[in-house]
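Have a look at this one before I ask anything.
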Amino acid sequence: MTTESALSLDPVWERLGRGRVIDLAQPMHQGMPQSANHPPFRMVVERRHGDMVRPDGGSAANELIVTGGHVGTHVDALGHVSQDGRVHGGMAAEAIQSNRGLAQLGIDAFEPFVGRGVLLDVARLHGIPVLPAGYEITPEDLEAAAALAKVELRPTDAVLVGTGWSRLWPDHERFIGRAGGVPGPGEAAARWLVDRGVRVVGGETIAFERLAPGAGHATLPVHRVLLVESGVNIIETMRLHELLDTQVAEFLFVLAPLSIVGATGSPVRPLAVIGE
Amino acid sequence: MTTESALSLDPVWERLGRGRVIDLAQPMHQGMPQSANHPPFRMVVERRHGDMVRPDGGSAANELIVTGGHVGTHVDALGHVSQDGRVHGGMAAEAIQSNRGLAQLGIDAFEPFVGRGVLLDVARLHGIPVLPAGYEITPEDLEAAAALAKVELRPTDAVLVGTGWSRLWPDHERFIGRAGGVPGPGEAAARWLVDRGVRVVGGETIAFERLAPGAGHATLPVHRVLLVESGVNIIETMRLHELLDTQVAEFLFVLAPLSIVGATGSPVRPLAVIGE
Amino acid sequence: MTTESALSLDPVWERLGRGRVIDLAQPMHQGMPQSANHPPFRMVVERRHGDMVRPDGGSAANELIVTGGHVGTHVDALGHVSQDGRVHGGMAAEAIQSNRGLAQLGIDAFEPFVGRGVLLDVARLHGIPVLPAGYEITPEDLEAAAALAKVELRPTDAVLVGTGWSRLWPDHERFIGRAGGVPGPGEAAARWLVDRGVRVVGGETIAFERLAPGAGHATLPVHRVLLVESGVNIIETMRLHELLDTQVAEFLFVLAPLSIVGATGSPVRPLAVIGE
Amino acid sequence: MTTESALSLDPVWERLGRGRVIDLAQPMHQGMPQSANHPPFRMVVERRHGDMVRPDGGSAANELIVTGGHVGTHVDALGHVSQDGRVHGGMAAEAIQSNRGLAQLGIDAFEPFVGRGVLLDVARLHGIPVLPAGYEITPEDLEAAAALAKVELRPTDAVLVGTGWSRLWPDHERFIGRAGGVPGPGEAAARWLVDRGVRVVGGETIAFERLAPGAGHATLPVHRVLLVESGVNIIETMRLHELLDTQVAEFLFVLAPLSIVGATGSPVRPLAVIGE
């Protein structure tokens, strides 16, 4: 009833105030690397200062934004993917989808995450800043990366898998990897993550999948395992390199996608808070 | 260098794991109440499950989103408003704006906030669930609301001002208040907040201003004081009623708008974390 | 083989050059009256002169446009409407529609019209500039309007039905007629037009239907009769008042909607050419 | 006053009814070749048949369209381009532009064209179906093409210049010509057209300019000569190959861009009507 009940004693914000907040989102701008399967991001300035001036000399600028739900750093809703006509939980996709989007399993059904984040840095494990294009991350990689960082996964964790790929963001063509491929987890690695009971996983590439050079997205086995079979949301196109450079493997992680009713995904600004 | 350095001992996420995360964003959907000054929000489903099926039986749904930066629950960038041609810090608006948006003071310049949030519930102070339309919140109101909640403002706080107005969200016309007006801080209340050194402020109405019935947005004094004169960001159209109902006045507050380069504002999903 | 074969002798353009071209489209701008069932029109200036200047001093302005296919003066494709799951010709709507639009009966399947246009001015028939809201045009009205103008309908004609409603365009609320209704043909009038073998019909209201005050679009019998049962395209929201004022009932009519593959409709700029 | 006055005797539509209407617009669809300087065209189906069924069994499908004004076959408004800060007529661009677009010289100021069209087929002149990439059309080419077709230009004509480039439309990369260049008029050819007093000119490439291989749009001399200096509108990305194949050089030409208030250009569906 009184405010004393709120996270009393040594308030959590005082400790966090001594921490460092790391931005895990890529900046969104026209022309940024994104999947060709989704509407291209475009922000257009609609009014500039001076276009409309109020009687007292005030003026306001604004913009119009056109975007897909899966551009920039974003979260995949569970209902984004179906397998053989069924979404997570076994419902027919037809039963939950309409012109208004997803009546269930949409991004608005994602409960914002505030909790333990763990980073498994596979690039560091291999002693390189960026994994090779087309490299398939294995369960052994994840196991070894956890051991190297002396960290254990626990149920309900958010697990971020480091490939170093976000370092390539400025090189659009290479980042997208249509020709050259991108590194990512294989189906076995996805199952390894699921077996540990994680709540959400994230990576730096446009799709959290290993793409062989020139192969494209013919199949998306990791999406199937995580979203459809296991109910684990995926964060894609994350900006992890700053966090990778800290070599911190455990942190407070916050993930709060926009609450767009019925959407299959949403751009997001994930944050890691680490100690000094 | 090692992971032990990360917010070690009694990890913060363990304590937060015992807390309750309160969603402070209104759900975004076509037809939701928003300002007529900004592009209307619209999400259109682009592909449904079954439209494109991969060889292995997988299918993905997606959407196109058209929106303004100032729709739904959103943050105003400092450069959103100018006064007499000048933005915060005294620069000419002309010098920082272009067709690419704001080169400075855009929403991408807003450092994500993870820290102490304080709620000043003026509706509760007056013993009513919702302040009357057109009510002007005064410094005395804020002072008394703080006293009632036994909470003190500190520099760098995020301060949310409760009016109960988010309870009216389903009644679009009344919520927007074009005819009837909306409650909000007057210029004096804005200065009172600034004098306490707050980092960011937020409210439930479409504009963090008191609007007299039928008067509209002829002038926006609170925006001028906060954004232009003081460098304090504003969160608007917040969903505060769930937090108001807890009567908790101090909490961990997280605010991470999308990192849209040059935008004057961004939709956002603010969170409060309170103790059990 | 040689150019002499082209509409030789007294070339048609010489005669048309002595005619008068009447613009039958309403101007498109943000905030114009349109159906709430369709995405609102919005043009946003993207680059202004001076934003990007080429080495030689040249600069170009441009825009982004968001619109529905059924806003402003527009043509309904035959596949826009279905009845009991079937489109014109009896095909199942399911069989021709997908996320890419209509594979058949889309606006791109509409063959541009260059031919005889006939105006049946029902407002003039009743001696008033604008028919009353909610007025139902009958076959007798059309018959009498043709007689008054001494004109006969022929197969493949384009027939425009004058109500005078385009004179109300500046009064958005009245024009849309949600509360007050709009005049238009009833089902019997639609059948009368079909029986004369017309190729396309057009009117001034947002929907080529009679809407009773407060009744809205619960059913659209005229659309069913024309589009689904008869394969007659409909032009809506036409700007007819200038043509009405000429009292000319026969003219060259040109209708060339945008060739948007798979769209159910398209904005258009219809023209009438009348003699001196 | 009576209808008899309308283009009486041997009505023009009867003669046109014996003609052939040739569609001069490329079909608009997502992924079609367009300039990277303009918002990409995208049509998204918003409602499909069956999504919303009226009580009587009727249903309607619709779409949302995002586009630039200069995509697909389109007309450049005179105010699209400025030189040294001035638009056609010598006005300062600043004086006519705002966030609402062009107050003058916008596409809504273009008077729809119904008149004589002339085709100068430079590809045919050179005995090839498509001019080489990077080829500069000269005044001599135009002169010779007119002589070959036994046609003379007259003031107020619409002149279309054939390069055969629209045959390459399906080969996006080659059509756009970023690497390889595109054929088009040089500055001298533009002046030659202006000297003949033409009203509007059109071509098949994305920009009515000659682009040297790899050179891009560093300068646009033909746009400057036509739009800024001479007040001659330009039609771009026309689908001319069907007309080229007829070898008809004189025809009725209709050009009616959308009446978008203040826009710098508009998609359009130009038509040619030729004799049997």
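As written, the chain order gives the labels A, B, C and D, with residue 1 at the start of each chain.
By our rule, contacts are C-beta pairs under 8 Å (C-beta built on N, C-alpha and C of every residue); 3 or more make two chains touch, one makes a residue touch a chain.
To keep track of the chains, here are their UniProt names: A, B, C, D = Cyclase.
Just so it is clear, the structure is predicted and the values come from calculations on it, not from any experiment.
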Same vs different contact residues, chain A (Cyclase) with chain D (Cyclase), by half of numbers used: same
Inter-centroid spacing, chain B (Cyclase) versus chain A (Cyclase) (mean Cα positions, whole Å): 23
Cα-centroid distance, chain A (Cyclase) relative to chain D (Cyclase), in whole angstrom: 44
CA centroid of chain B (Cyclase) to CA centroid of chain D (Cyclase), Å: 47
Interface hub residues of chain C (Cyclase), defined as touching at least two other chains: 39, 42, 44-46, 48, 64, 66, 98-99
Contact graph of the chains (line, ring, star, complete, other): complete
Partner chain B (Cyclase), residues of chain D (Cyclase) touching it in the complex: 42, 44-46, 64, 66
Contacting residues of chain A (Cyclase) [partner chain B (Cyclase), same complex]: 1-8, 11-17, 19, 21, 23, 25-29, 37-39, 43, 45-46, 48-50, 54-70, 72, 79-85, 87, 93-94, 97-102, 108, 111-112, 114-117, 149-151, 156, 217-221, 223-224, 247-254, 256-265, 267-271, 273-276
Residues of chain D (Cyclase) that touch chain A (Cyclase) when the two form their complex: 39-40, 42, 44, 46-48, 51-52, 66, 98-99
